[in-house]
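Input: structures, listed below.
Both of the next two complexes hold subunit A, though its partner changes from subunit B to subunit C.
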Partner chain A sequence: MSVGLDKRPNPAFYALLVALILMSAGPIAVMIITSLKLNVDIMSETAGLLFVPTVQNYETALCNMLWYEPAHVDYCDPTFGRALVNSLIIAIVSTAITLVIGCMAAYALVRFRFLGRDAMSMTTLLMRMVPPAVLLVPVFGIWTFQFGIDGTRSGIILVYVAMNLPFVIWILQSFIVQVPIQLEEAARMDGAGPLQTFFLVVLPVIKPGLAAAAIFTFRIAWNEFLLANALSDRSSRTVPVTIVNSLTEYDIDWGVIMATGTLLAIPPIIFTFIASRQIITGMTAGAVKG
Partner chain B sequence: MPEIRLDGLKKAYGHVTVIEDLNLQMEDSEFTVLVGPSGCGKSTTLRMIAGLETVSGGAILIDGKDVSQLEPKDRDLAMVFQDYALYPHMNVARNMSFALRLARYPKAEIDDRVKKVAAMLDLSPYLDRKPGELSGGQRQRVAMGRALVRDASTFLFDEPLSNLDAKLRGQMRAELALMRQRIRKNMIYVTHDQIEAMTLGDRIVVMRQGKIMQAGSPEDLYGQPQNMFVAGFIGSPPMNFLPVEVGDENGRITLVGSDLQLALSNAVAARLANHKSRSIILGVRPSHFIRDDAGSIDLQIALSEYIGAQSVLTSELCGRPVHVEVSALKPVRAGEQLRFSLNPDTIHLFDPETEAAL
Partner chain C sequence: MSIQRASRLTPYVFLAPAAAVMAIALLYPVCYMIYASFLDWNPSQRIGEADWIGLRNYINLLSDESFHESFWVTLKFAALVVGAEMVIGVGLALILDRKLRGMSVLRTIFILPMMIAPIVVGLVWRYMYHPTVGLFNRTLADIGVSPVPWLSDGDWAFASVVIADVWQWTPFIFILSLAALQSLPQSALEASRIDGASGWQQIWHIKLPLMMPVLVVTGLLRLIDAFKVLEVILVLTNGGPGLSTEILALRISRTASEFRELGYAAAMANYLLILLMVLTLGMYFYNKVIEARAVRLRKAAAAAAAKEEGA
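Here is the complex of A and B:
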């Protein structure tokens, strides 16, 4: 080994690394640990890492979805279970709709020549530059008084699709540009119509792009609070809104809130894990001479 | 198998006309090669026949039916692309069967055809592999297999060998020629490589700037080029062009250059009846110089390139650089002075203004 490479990094470098890890992983650790404690332990002055772990908080949060009745629950509040179902439906459906519309729009923007193509491409990105908070009041007004879809899941899905579509179009455009045009020509020669070419040749090749866009869209839809808070009602509330709503001036059940937070973190992790397996590089390897 | 006819075919991009008034007839089961330098419109012509480019004017007739407005899939053509264009997410078998699956052939027949073609192209062991796991030559064979499986009436090849290295190209060229003997179908092949054109084509169409310079058998093009472009394009090393005057020596027509004097035979001289005492271009193939110690052409060799059986010598004649091909049995060194003669029946004559053969 050469002498130059033997230089040891500064200890401050390790200190910085540890600080960064603590900053990012610390809150998650606190959340998980707290979710496993009874309120007595959470509030006690001597609280620390020494406690008897319990799943009581999880039982409380999921009480209406369990096959048994937990002994410690006096009154089963179905709010969280309902919110979890809402969140899953809204995130999955809005992701699916965004991807379907997004990939077709991106394909059209890349491959078709029409008047105002570049302007349209740019406008889609400009939309994304508007902060959601700015949209809040007009969207609430339109959704409530014109469309009458406030307080419904489809209302929230619609606004998420509108919000995520521009960015998905932009991500997918960059992937579609890389698909060699000869592949599409070969498909046409092989007898494929425009839709067959798109679905059987282009889409499989841009699968990594679709996966990246899906992760992005799903996470935004899953975590979004502001618009969901304004547009949802009791029956269509998503998990982030539910968690905030459970912070009342009479009672803050930290254990249940942390258990809910932990449960909230699981679906995006699973989704990201599944989707990221599709993100493999070199998808077009061997298609055309590089 | 159909007869393909191009009738006044035209292609323009905006104001730029790439191909103007192209007329060509390809006979039943003929191997036609379109050849020419880059940008001569040969690929565009092929893509118009394929239906991948729109036609700006004229017609493409297959068996008398105008197909110029039809979609590619309705023309019954199969095409092999220059850079393979294999579907990267499908394995070899699925790549080859894509067209058949789209056409909803029964599964048993698809398997049968794929197996047959794969065996013919030595691809049987690779049917489960993805294109990314194949070498360049194997990918090229898959691209060909994809066209062959379809059993289309006409095959189009767009410079299929240009991405391969020299050795593989020679091997694939031979395989193509063998395949050609087994499959008697219309084939249209585009290349810029005149050796490929000569070895594969029943008929060669030499193109330049969107126009056909000459169409004919390889022997025709080599033996009787109709103009200087074809003469210079076909043959390697290319033909030498020397400026000479038509002179008359004691009633015998003679070509006179600055350091060259060549008496012509009567047959050749008859062609020059209208060109007496005018300048013309003399074309001589490098291999037509005959080493002859009694010859009248005296060449100072500037460069001798040994290429195996032959040596290519570079010298100067009539103020122009000339290439001479001689047998390498007698080694020649640069700086030597050698004498050559010419057989007047092997020369070519061109009009310097129209560049047409005389």
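Here is the complex of A and C:
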């Protein structure tokens, strides 16, 4: 089409690309490689890429979930395995709830004119910026003294749903606006009620938007540390909390901690590779819509 | 009659669950916090037992040296981080805006850093900054440079924290500005090329001005997020050494959990909230102004077109 685009890029351009890829993926690769090393290899002066990979660190972290007893583990610490289960339950349940009630609210805000609509969208916008650090004090007080749900998984799920709702509502609005209204009118002609129209007609059309919203919600619930730290007790701790707890000033067991970090990073990495297109669409929609 | 009422109630039925959850777990806590900021309250008390001390928390904060310090650190951090990310991100977008075969793979790799947990980002960088086993000091030792106190010296620690955040979030700016670049009207670029504009002139006089609305919003979004950063710094330095990297969010959480002064922490959180609210409203109104201008321009264009047709 244009002259500039057809010109072959010069070698410096490719060098830049390679450098960028190395810079953005390098630290993650460092983590994964370290998690496959024995502490001897991590500490040794000459270490680099020359080492015998081992899964011992993963066995130590997951010892109570394995079907065999790894020979090198003297004492099995079940903290991490339990936290992994907690994290999975909390992230999946809160994502599911957030999506269902979030897309219903977004639909109402886009398709209906009603009293309180502006107030609701303004609140949604303002609540989007409330940082977890600000919620820390009140949520701790209310959950402990008034609701009595501190230290439970449902307490953490409740705050995650609330925290993610404004963003999910905001992002789904921009997808619902694009659904042709004729589709819904046709469904209504055929005698579908509003709920039927929504679940059977609108939802299938905005699937890409839902995917993006789901990934963003899951990512926040899966990665969040501060509120989980304040609200959980020994039995409901999530993975980020256990990782921070095991980070003492001195004598960090780098191999094992990198293994836990890798395990925490794997689900988001998988999502990124499966659905990068949806993630980027969602990111763009979220930003452009402000 | 009943059908009419049902349809009028419909939006409320759709909204009810979300509104209820947000009211209970978001709006109520925020109001609760505003109330708590007027109390002298520690975590072992119920809120009813705490003493009402009026504005004293707010006034004490104004003369609290370490609050000043962390407010200043937060501002410095946010400004530096967003500045660096905007320059690098937009620059890379301008350079890489070509038709490349592997572009989607490239973008996928670029968004990895912001998808993984901030805790993990902190962990990875803390390992790489490690004084003896870390990648950086090892490399420096290999080329014969003396080791750098990445996390143990105040200024270096601040720089290290900024570097980690720039690594994590520059791709965000890059991807949004690339999207903006690729949706620019081709006709304007085409016209300027025919008029003989050089690459630089095109960037300065056409691409950047046209991208400006998106860039402003992106920058503001990043700025709001930069004020919320906590986990990466918590893992890397925990605010230290001294107070050199103690940003406001971290100070709030430490005031609440270590110093056990919930009222004081709440007042601090309120200051942060006011700051964020100003930024958010600024972004909102900027968007409105831009939209209004676009509508006006479209109208003017339509009117001009109609006139031409009439003539």
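Following the convention adopted for this analysis, the second predicted complex is superposed on the first by the 245 of 290 C-alpha atoms of A that agree within 3 Å, B and C clash if a C-alpha of one lies under 4 Å from a C-alpha of the other, contacts with A are read in each partner's own complex, and residues count from 1 in each chain.
Quick note on the criterion: a contact is a pair of C-beta atoms (placed from the backbone, for glycine too) under 8 Å apart; a residue touches a chain by one contact, two chains touch by 3 or more.
These numbers were taken from a predicted model, which means no experiment stands behind them.
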Exercise for the section: Check whether A:S276 is in contact with subunit B, with subunit C, with both or with neither, and answer first, second, both or neither. Expected result: second
Practice task
Tell me which partner A:P204 touches in the superposition: subunit B (first), subunit C (second), both or neither.
Solution key: first
Exercise for the section: Have a look at where A:L183 lands relative to subunit B and subunit C in the superposition and call it first, second, both or neither. Expected result: first
Practice task
Have a look at where A:I156 lands relative to subunit B and subunit C in the superposition and call it first, second, both or neither.
Solution key: neither
Fill in the blank from the handout: The answer to whether subunit B or subunit C touches more of subunit A is C
Problem - First, second, both or neither for A:A192, with subunit B first and subunit C second - result: first
Exercise for the section: Using the superposition described at the top, list the residues of subunit A that contact subunit B and also contact subunit C. Expected result: 283-284, 287-288
Handout entry: subunit C-facing residues of subunit A, complex
Key = 2-5, 9, 13, 16-17, 20-21, 23-25, 27-28, 30-31, 34, 42-43, 100-102, 104-105, 107-109, 111-112, 114, 117, 120, 123-142, 145, 158-159, 161-163, 165-166, 169, 194-195, 198, 219, 222-223, 225-226, 230, 240, 243-244, 247, 254, 257-258, 261, 264-265, 268-269, 271-273, 276-277, 279-280, 283-284, 287-288, 290
Handout entry: subunit B residues touching subunit A - in the complex, by the definition given at the top
Key = 50-52, 71-73, 77-79, 81-89, 98-99, 102-103, 130-134, 136, 139, 146, 150, 163
Problem - Contact set on subunit A toward subunit B in their complex - result: 180, 182-183, 185-193, 196, 200-201, 204-205, 207, 282-289
Problem - Interface residues, subunit C side, partner subunit A - complex - result: 7-8, 10-15, 17-19, 21-22, 24-30, 32-33, 36, 43, 46-47, 92, 95-96, 98-99, 104, 106-113, 115-121, 123-128, 133, 135, 167, 171-172, 175-176, 179, 189-190, 193, 199, 214, 217-218, 221, 224, 227-228, 230-231, 234-235, 248-250, 252-253, 256-257, 262, 265-266, 269, 272-273, 276-277, 279-280, 283-284, 287
